[in-house]
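Each of the next two complexes has subunit A plus one other chain: subunit B in the first, subunit C in the second.
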Partner chain A sequence: MIRAIARRVASGAVVLWAAATAAYLALLAAPGDIVDSLIGDGADTPQIRAQIIAEWNLDRPAVVQYLDYLWRAAQGDLGRSYLLQRPVGEVIGDQVPPTLKLAVAAAVFGVALALVLAVTTRHRWARRASSAAELVIVSTPPFLIGIVLLSVFSFRFGLFPVSGDRGWAALVLPAVTMGLPIAGVLAQVLRDGLDRALDEPFAITARARGLRERAVLIRHALRHALMPAVTMLGWLTGVLLGGTVIIEQVFGRPGLGQVTLQAVGNGDMPVVLAVVVLAAAAFVVINTAADLAYLVIDPRLRRS
Partner chain B sequence: MIHVENLRVAFTGRRQVEAVRGVDLTISEGECVALVGESGSGKSVTARSLVGLAGPNARVEADTFTVDGRDARAFAARDWRRLRGRFAGLILQDALVSLDPLRTVGAEIGEVLQTHGIGDRRDRPQRIRQLLTDVHVPEPERRARQYPHQLSGGLRQRALIASAIAGGPRLLIADEPTTALDATVQAQILRLLAERRASGETLLLISHDLAVVSTLADRVLVMKDGRVVEGGDTRTVLVSAGHPYTRKLISAATGRRRGTTTEPGDVVAEATALRKVYGDRTVVKDFGVTIRRGEIVGLVGESGSGKTTVAQLLFGLAEPTSGHVRFEGADFSGVPERARRPIRRRLQLIAQDPLSAFDPRWTVRRIVGEALPRGADPEPCLERVGLGADVLDRYPRQLSGGQRQRVAVARAIAPRPSLIICDEPVSALDVSVQAQVLDLLADIREADGTALLFISHDLGVIRDIADRVLVMHDGRVVEQGPVKAVFDHAGHEYTRALLDAVPTLEVSR
Partner chain C sequence: MTLALPRPVARRLSLRRPRPGLAAAGLVLLLALAAVIWPALFAGDPLAADPLRVLEAPSAQHWFGTDQLGRDVFDRVVHGARHSLSIGVAATVIAVGAGILLGLIAGLAHRVADEALSRGFDALAAFPLVLLALLFIAIAGTGTTSLVVAIGIATTPHYARVVRAQTLVVRQAAYVTHAVAFGGSRVRLVLRHVLPNVLGPIPVLAMIGLGEAVLIAAGLSFLGLGPQPPSPEWGAMLSEGRGYLHIAWWASVLPGAAVTATVISLTVIGRHLQNRFEGRPA
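After this line comes the complex of A and B, so read on.
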């Protein structure tokens, strides 16, 4: 047990290191000069340049800078933002709550909707209609869904605010926009899993006990159908991380997406690196959760 | 209790299939009726129709359909639900998949009690314990908390039976209840079913195996292609079967010895002191065998006895922990795969399920052609196994089980091997097809002098085809010798237990 946990933590650390390194190399290769980013709109003289280089230790070899970065990051110091001249931890920390709120709301909405759709639309026209709607949603770009929702519910009926992050009402449309494609994919996976489970001999045994079809579905088939859905948790994390960038833009919400866009555009290396490491950490956590979920759902995977 | 006249079941869908075409069936209180037939005969569909579980695409029609004194043709879903579990309990083949693998067996049994409102919540654990005790599960309290995969095959099947009888049904429908089990366990389950019957339950038994059925049933109905071809009192049907199909089933169940006149030749393969350890479990202990040209050596044992591991060691798929395998005079174990490759062609394998041993996207032409020199015509090979050129361009799933196994034989003999390892080659086949494949394998030994290592859990099959037999138990060979000697005068108690457990068809003439 302890060895299993140790192995997990170690592999998680390796993933974080690999992500940080890959991002570091990518940014190093990107065009543009760090000193330019640091000067921004300020006065550009050789003295100021020399001063900046000295202050930020930019005159050391790239390898040393990289190792220094790793060493500090391991201690929780992610450096200072070039652009905002504030510690990166602070810059990101301010933006995490709104993004997390949006991601959790979208995930909960998406998963709940998928479950309801897969369980309630089992037969004939309802099944076909739901399946078709899911496909349409999945193949529509999220920003388009967002714009349509905005124009209907905000501009036309004025039910929800157009932008910002004030109160729960402002969360509804972004969460729905991001949750709909999630529901579309998951509902298809769940439905497929339910179909397969209901064909298994144990489902026949359950029916032979006098169970209602709904009970067979909820008590037996659903757990079996959850297994492939859990496998998609990793994908879900990707959708949420990538989605927030676009959705925050469309709905004018503060959050990691906005900060990331700005940082990438301005070559604000410490911030970009921090976002990458944060995303990798999210992946590690979610995938560990998925592995645990397998064990909870399927006793056959637990070692006796 | 049940009276059906002219039952017809058709499956609608892309292709209309008439699974049952006019079956008359009456089951009276306290009786044991058996439906016997091979796969596709419609016996399972008939049985499931009796509790309204033929399937969502099934159209069930009958002239008369009385269940428990009421006309079932007018039943709504609710009427069927009330009967299920309460009037009739259903036991399916393999408890590993027939019980929900994600739930404890206690939860599965409790579900019946809950659904039918038997007892209240508090005394449910007590009732579950009692039910498990009734089917002779030791330590019922502990077992109730376990999952199906944690139980042995026999205990699992008992738990499945406990869940079927939990609602106190008067009729038990058992669909191949012992087919997935080892012989000794099968004997125990059959005894348990006999006990239920003695306690007054009515039994409908569905099986492909006449021998299994003959020990229990009062009446037998033989089904073929959705019709009952013969029916009546069990003794009468067995002794004076009128229909040729029934006679074929009987002869398949009694078996036929396929002897040989050829003497064994040079040594083809030799294993000495094989031992295989996985982790802290010793799976094979001190296994030795010498196989000579033209010989059929039987290897018999129940699941977990180590016979499959032996096959892997001989085939060079696993390395022995200690001991040696020699094939055609050369070292076959303890050498790199590169050294084995030149003689690999001389050693072939026939697996139990050819459907998973063939690439599903390959045609028969390509499957057999792969084993032949480039450009050689696969047709003569197929001809030898009794298949025509018409199957050449078909895919494995488009063939019947028997045809598929013939293709597997054709592929195995194509490179002219000196030894074929057959791992349960007929276990997945219907009995009448089994006989044909055994004939084929015996012919090939006779004609080519190919040696066969024939692995099976089925003593009857071993008796019919092998010259010598090795009996394995717990990774060890407990007895070996010529088939006749071992079967007639078994020395080891395990062999005797194994032989006693095999249901035999006693047809006094």
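After this line comes the complex of A and C, so read on.
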């Protein structure tokens, strides 16, 4: 058990190192002078140039630069935004809470809706209607969902604010927009899992004992259907991380997505690199947690 | 263990039921293809602005209404097919090409190289596509070319993983071991015997992948990272029309609907082909 945990934590560390290195190589590979690409469209004065050269050790050998970058990244020092002239950690730190709030709300809504859909639409027509709706939602660009919701609920009925992040009402539409595609994918996975579990001998045994179909479904089949859904946790993180960029833009919310987009637009590389490394870190943490959750759920995995 | 177990009735019936969805999907794709090849046949000038007819609702004359500059939204959507779909196709071509090459290398290479490449595919596949594309665009600059390359790189692992798995099977096959015994150059061996036999699932995967590529491309150009105005790209049109949402929903919602219809059609047909290919009733 301890060894299994240690292995997963170690492989997580390797992924993080790879992400940091990839981000660094990406910066080196950028066309033009590295000082130019670090400045981007920010203020370009001799002082700032000197500061950049000192900060990234550009006057030292490449290996030293790289090791130094890794060392500082490991300590949480991700450099300085050349556009905003503030430490990257600070710039990003301010934006984490609104994004986290949105991501959690969207995940909760999406997972809950998927569960309800998969469990309640077992009969032929309901099932088909729900599957069709899931296909449409999954194939629709998320920003279109957001725009349709905005035009109906904010502009037509005035139920929710059009933009910003004031109070809980402003969270509803963005969370629904991001949660719907999640529900669309998860409901399909859960439904397949339920179908498979209901074909298993234990489901027949349960029915033979006189359990009603609903009880078989919820008490027995659902647990089995949840296992493949846990695998989707990693995918879910990806959707949330990538989705916030677009959703925050649609709803004019502050957050990591907005910062990233601005940084990309202005070529503010330290911020972009930091976001990438941060995303990788979030990813590693959640995937490691999912792997460990398996160990807790399924005792068979603990032995190998 | 295999017992005769009751299977859900719906799944058995689905084998023989008529497929209106499939037919509709085919029709949409034919229309999209026609719009890509010869947009002028269906629609007028996508850039012709009429300042007297700004933000008019859909009517017999302007099927999809007009936008904030008085341009016909239908004309722009039809012409946009070429922009949006060619980005998707180009990105998918890059991804399939790179995927086949890297997948073959991983499948044929030494264990260490295979392990390294496979971990790389895993990491790339797991990382959020949008962020990956943003990183690439931050380095290479905005523009249609970086958009295409970014989506291409980000979707490469889909294909590379499949090709690698196929290669591992094919390299054990009798015809390959015989060809090795007969001698001859390794390049010829790979091109003549391995490559053709690993490509089987790729066309169907590429079809589903194309839908995904179109979706991501629309998202990124919605963020302003793709073709710049006034080009009638679907995502960019949506972004432009967004400011007028409260008075003219059609200028942003209808281009978005074009993306949705295309992606659904690609997915429906792709999944259908995939199920037939794998001999599964769907």
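Convention: the second predicted complex is superposed on the first by the 261 of 304 C-alpha atoms of A that agree within 3 Å, B and C clash if a C-alpha of one lies under 4 Å from a C-alpha of the other, contacts with A are read in each partner's own complex, and residues count from 1 in each chain.
We adopt the following convention: contacts are C-beta pairs under 8 Å (C-beta built on N, C-alpha and C of every residue); 3 or more make two chains touch, one makes a residue touch a chain.
Computed from a prediction, not measured in an experiment: that's the story for all the values here.
With the C-alpha superposition on subunit A as described, subunit C and subunit B fit side by side in the combined arrangement. Once chain A of one complex is fitted onto chain A of the other, the partner contacts of A:234 are limited to subunit C, with no touch recorded for subunit B.
Look at A:212: by the touch rule set out above, it reaches subunit B but stays clear of subunit C. Once the two structures are superposed, subunit B and subunit C can be ranked by residues of subunit A touched, with C on top. Looking at the shared chain after the overlay, A:202 reaches subunit B, while subunit C stays out of its contact range. Of the two partner chains placed around the shared chain by superposition, subunit C is the only one that A:269 touches, whereas subunit B remains out of contact. When the two complexes are overlaid on their common chain A, residue A:224 makes contact with subunit B while staying clear of subunit C.
Of all Cα pairs spanning subunit B and subunit C in the superposition, the closest are 5 Å apart. Residues 200-201, 204 of subunit A contact both subunit B in one complex and subunit C in the other.
The part of subunit B that touches subunit A in the complex is made up of residues 48, 51, 53, 77, 81-86, 88-90, 92-94, 97-103, 111-112, 115-116, 147, 149-150, 160, 163-164, 166-167.
Those residues of subunit C that touch subunit A in the complex are listed here as 1, 3, 5-11, 21, 119, 123, 126-131, 134-140, 142, 211, 215, 218-219, 222-225, 235, 238, 242, 245-246, 249, 252-253, 256-257, 259-260, 263-264, 267-268. By the touch rule above, subunit A contacts subunit C in their complex via residues 15, 18-19, 23, 26-27, 29-31, 37, 124, 127-128, 132, 135-136, 138-144, 147-148, 150-151, 155, 195, 198-201, 204, 234-235, 237-239, 241-243, 245-246, 249-250, 260-261, 263-265, 267, 269, 272, 275-276, 279-280, 283, 287.
On the side of subunit A, the complex with subunit B involves touching residues 200-202, 204-213, 215, 219-220, 223-224, 297-300, 304.
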